[in-house]
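Here come two complexes built around chain A, the first alongside chain B, the second alongside chain C.
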Partner chain A sequence: MPIELKHVFYTYDEGLPSSREALSDINLLFKDHCFTALIGETGSGKSTLIQHLNGLLLPTSGIVQVNDYVIDMTLEYKKKHGLPTDVINTHAMKKKHKKKQKDIKTLRKRVGLVFQFPEYQIFEETVIKDVSYGPKNFGATNEEAIASAKRALALVGIDHSYYERSPFELSGGEKRRVAIAGIIALNPDVLVLDEPTVGLDAGGQAMLMGLLTEISRNGTSIILATHDMDVVLKYADRAIVLDQGKVISDSTPLDLFQNSEFLNKSSLEPPKVFRFALDLKKHGLDINLNNIKDCDSLADEIIRVKSGVK
Partner chain B sequence: MNLTLGKFTPFNTIIHKLDSRIKLIALIVFMVSVFLSYGTPYMNLVIYGGIFVILLFISLLGRVSFLQLFKSLKGLWFMVLFIIVLNIFLPGKTSGDVAFSIGNVKVYYLTIINVSYILVRLILVMMMTNIFTSTTKPMEMTSALEWLFYPFKFIGLPIHKIAMAISLALRFIPTLAEETERIMKAQASRGVDFHQGKIKEKIKAIISLIIPLFMSAFLTSGELADAMEARGYDPDSKRTRYRAYNWGFNDTFGVILSAAFLAGMIVLAVYQYDLFNYLGISLPKLS
Partner chain C sequence: MRTKKKEIELLKKDSAIPSDSAIFLKNLCFGYERTKLNIVNANLDIKKGQYVSVIGHNGSGKSTLAKLIDGILVQNSGDIYIFGVKMTDDNALLLRKDIGLVFQNPDSQFIGATVRDDIAFGLENARVPSYEMDDIIHDCAKRVGMLNYLDTEPSNLSGGQKQRVALAGVIARRPKILIMDEAGAMLDPKGKRSIREFIKASRKDNPDLTVLNITHEIDEAYDADRVITLNDGKIILDGKPSYVFSQDSLLKSIQLDIPFAHKLAKDLKNKGYDLGPIDSDEELLKKLCQ
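The block that comes next holds the complex of A and B.
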């Protein structure tokens, strides 16, 4: 399910002295089956952008199109600021707007959004109840909801001995996985995650990213906001860099990390593995940077080159 | 989530710059004058009208949003209804002229007047507090309260602890509001609808908000206590103030104005001057 953003602007506290433009003229297209990483410093607009993808925030101006579902705020913006509008369109827009409010729930089912520290959204007495809460909200029967909850929990590696336990007595990593299962249980076409690995130990991070890879292999698009360049290099097939509400780079991770001029300017740190690989290449080892994902693949590549050439 | 009451608007007007203690005193002065009685209903009407105009003027000076006021008034309709019903069915005095009757229930002029007094006072008080809260930072508010309560220290009231508790509570309103919004959004992503739905669904929606909110509030308060202790906070020790008050001309002016206003109102209330009588205008007696 493709998601397209056209000239999206978003301003917090519009009209107040504390107003702040969080997004400014964002034009992006997220294609099907993508694994996209959104990179940017705190306050660069990542989280704001993410909330536009399932209609939690409506743009101040601009168009968000998710498959055939359109949120068009250009007209509202023009009216608000007294810009000339097409009068005939206004009425149709109003009608559409009403319908939109109703439909926004279906949008949220199709674009699953996992917030930062999602473990705070847990509230039910048992794990299985909490995970099946989402599907039930979207109209599934109790049996269906529990079935999809079980599927989601199996996917995140929570077995049935946990089902009847209170989610509040689980460890931090387990809680996070239960919370993510709560979104996966909705069976979304696009899964959007805001810094899912923050606060997890190395094992938990690897497990979570493995899970996301598996979900993405099943045909779900993944959009991931992250600080972690290792994650970007290893998993993403596209890296979008945001800075002060603007897209300043949109390429594959490989191109991004090779563009040293850009990296210097934007204070992004390429992963250590990748820098090491670049140095190796610079000093004459003919490795294929496309194959470098992490330490293991670098080692494999070195072995391949060494044994293949000589 | 819209927290209308007590939202500070960061402008830099003369009202914003006024010493918070004076604003607090002026607030009390205005409240007292609204609840005084000035004789005949006509006289009260004139005085309330006067206070309304003054408040309007102050609102304009402080760039206070009227929208916010209307929003907070909108939430009061149930209370208004309650007051009206209670006053109609339980009139204090069953004397005077009957204005009209609904079935067997007689509605007296006096009742109507009483109800309108309550409503007018309510609106005026909300206007005042709205001005105070939108032009005074929460921290300034607390220090003003602490200053005002200072005399109670001598009868053993832990003023500082109370002030600290209030300022912490105020400090965490925005944090909690932010947290609420975050959890609401997270639950909305799970298909919770906070605006529509049946009562049962709504209750469930609220539960899905309240439980996580409490969890995080308890967590935060524990962390805050640890952080305060780590920085050597001792509730019993003597404290100094970070920001010194700069007493300016405007502040003196504000004090004089408030004092004069209060004095005038008290004089009006005590002597019950009837302006209309004085001007020779005769109006129909109402009670």
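The block that comes next holds the complex of A and C.
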């Protein structure tokens, strides 16, 4: 299910003195079966962008198209449908627009959004109730909802002994997995996550990223906002860099991390393993950077070079 | 009304505790439930001016420890001494004046309607005269790089920016002990660096500042004078960073990351290419490029 953004602008507090443009002329196409990383400094617009992908925020102007579902907020569209075009009324207009597009709920089912600290959204009294809440909310029967909850929980590595426990008694990492299961239970075509590894220990991070790889192998597209360049290098097919609400780079992680001129200007730096590989290359070792994903693959590459295999 | 005399009585130092001790824990035990302890018999002596990193996997008791030291949680048994004063129900609020605590999630620590108000809140609580406030707010906002946002609403800030404001709010009260509970976790690499630089600068400003930094970042933990490692509520490693991070297999067994050079050397060794002991990136690079 492709998602396309065309000339998307978004302004917080439009028309007020505190107004601030968070997205500025975003043009992006997220294709199917792709693992995309969204990178950018804090405040660069990542979280705002993410909330456009399932209609949680409607653009101030521009078009968001998810598969055949179109959220059109261009001036032409507003004029055609007699919606107010001036700034002050945008808010009321948005409400009206939202009501009209009532299938926006279906959209939310197909594009699953996992917020920063998803564990804060847990509210039910047992794990199984919390995870099956989503499917039920979207019209599944109790049995169906519980079946998809069980599937989702199995996927995140939470076994049946947890089903009847209170989610609030779980550790931070477990809570997060339960919260993510709540979204996976909706069986979305696209899974969007806002910095899911923040605050997890190394074991928890590896577990979560393994889970996402598994999900993306099953055909779900993953869009991931992250600061973790190790994650970008190892898992992403595509790396998009945002700065002050604009896309300033869109390439493979490999091209991004080799573009030293660009990196110097921005606050980004390649992950340590990549920097070390670059150092080795500088010192004359014939490292093929295409093969570098993490520490393990760098070790393989070093051995390959050292043993003279071409 | 609490009289000055009573305050002095409440803050009487215990002569058995070393005079240079900032945080002293004696046989400290705590459990959220009756059946399980989250902190098991912790004994610690953190000295004045020391910079201590606390590492451990999720659920190992790091945050619990921080909350006990700040008196937010009350231990089941054992004692906590802040600058030699035993913490009790009566003096916890007084002792807490010296402690600044920054949490991981900035959303849960915002109170003011603007950045300025939020920093001012802590000062008002501490009854700082209003004519002094402006300067303090200005100075603290500048130190965390948020000077241009003083009149911004918190909801219009990003997570990392909010965290910097939380930091400003805490240092505005000039704490003697600064506890950071994964304060940098939500920040980008640049933001994380700025936290490290912030700690360095704060300690330079005030060499007596004691810092307890709970973190998952190895580079950050390496900055400290001392690294304490928790596992299931027990202190299992305590020493200089170079010592703690040389315990590769132990750290790995409790789900923690090890420094890059150790990791790569180990991977190479596992694949049959043994370079011998490696301590730093430079050493590894040199050996590999011979």
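The rule is simple: the second predicted complex is superposed on the first by the 282 of 310 C-alpha atoms of A that agree within 3 Å, B and C clash if a C-alpha of one lies under 4 Å from a C-alpha of the other, contacts with A are read in each partner's own complex, and residues count from 1 in each chain.
Everything that follows uses one rule, which is that contacts are C-beta pairs under 8 Å (C-beta built on N, C-alpha and C of every residue); 3 or more make two chains touch, one makes a residue touch a chain.
Being a predicted model, the structure only gives us computed values, none of them experimental.
Of the two partner chains placed by superposition, only chain C is touched by A:Gly199; chain B is not. Once the two complexes are overlaid on the shared chain, A:Thr42 sits against chain C while remaining clear of chain B. Legend: residue contacts after superposition of the two complexes on their common chain; A:Ser18 is shown touching both chain B and chain C.
Ranking chain B and chain C by residues of chain A touched puts C first.
Contacts of A:Asp279 after superposition on the shared chain: chain C is touched, whereas chain B is not.
Of the two partner chains placed by superposition, A:Asp32 touches none, neither chain B nor chain C. By the document's definition of touching, of the two partners only chain C reaches A:Ile302; chain B does not.
In the three-chain superposition model, chain A touches both chain B and chain C at residues 18, 120. Within the complex formed with chain A, the chain C residues making contact are 56-59, 104-105, 152-153, 156-161, 182, 185-191, 216, 255-257, 260, 263-264, 267-268, 270-273, 281, 284-285, 288-289.
The residues of chain A lying in touch with chain B in their complex are 16-18, 51, 54, 56, 105, 108-109, 112-115, 118, 120-123, 133-134, 137-138, 168, 182-183, 186. Those residues of chain A that touch chain C in the shared complex are 12-13, 18, 20, 40-44, 47, 116-117, 120, 171-173, 195, 198-204, 227, 229, 267-269, 272-273, 276, 279-280, 283-285, 295-296, 298-300, 302-303, 306. Chain B meets chain A in the complex at residues 9-11, 182-183, 185-193, 207-208, 211-212, 215-216.
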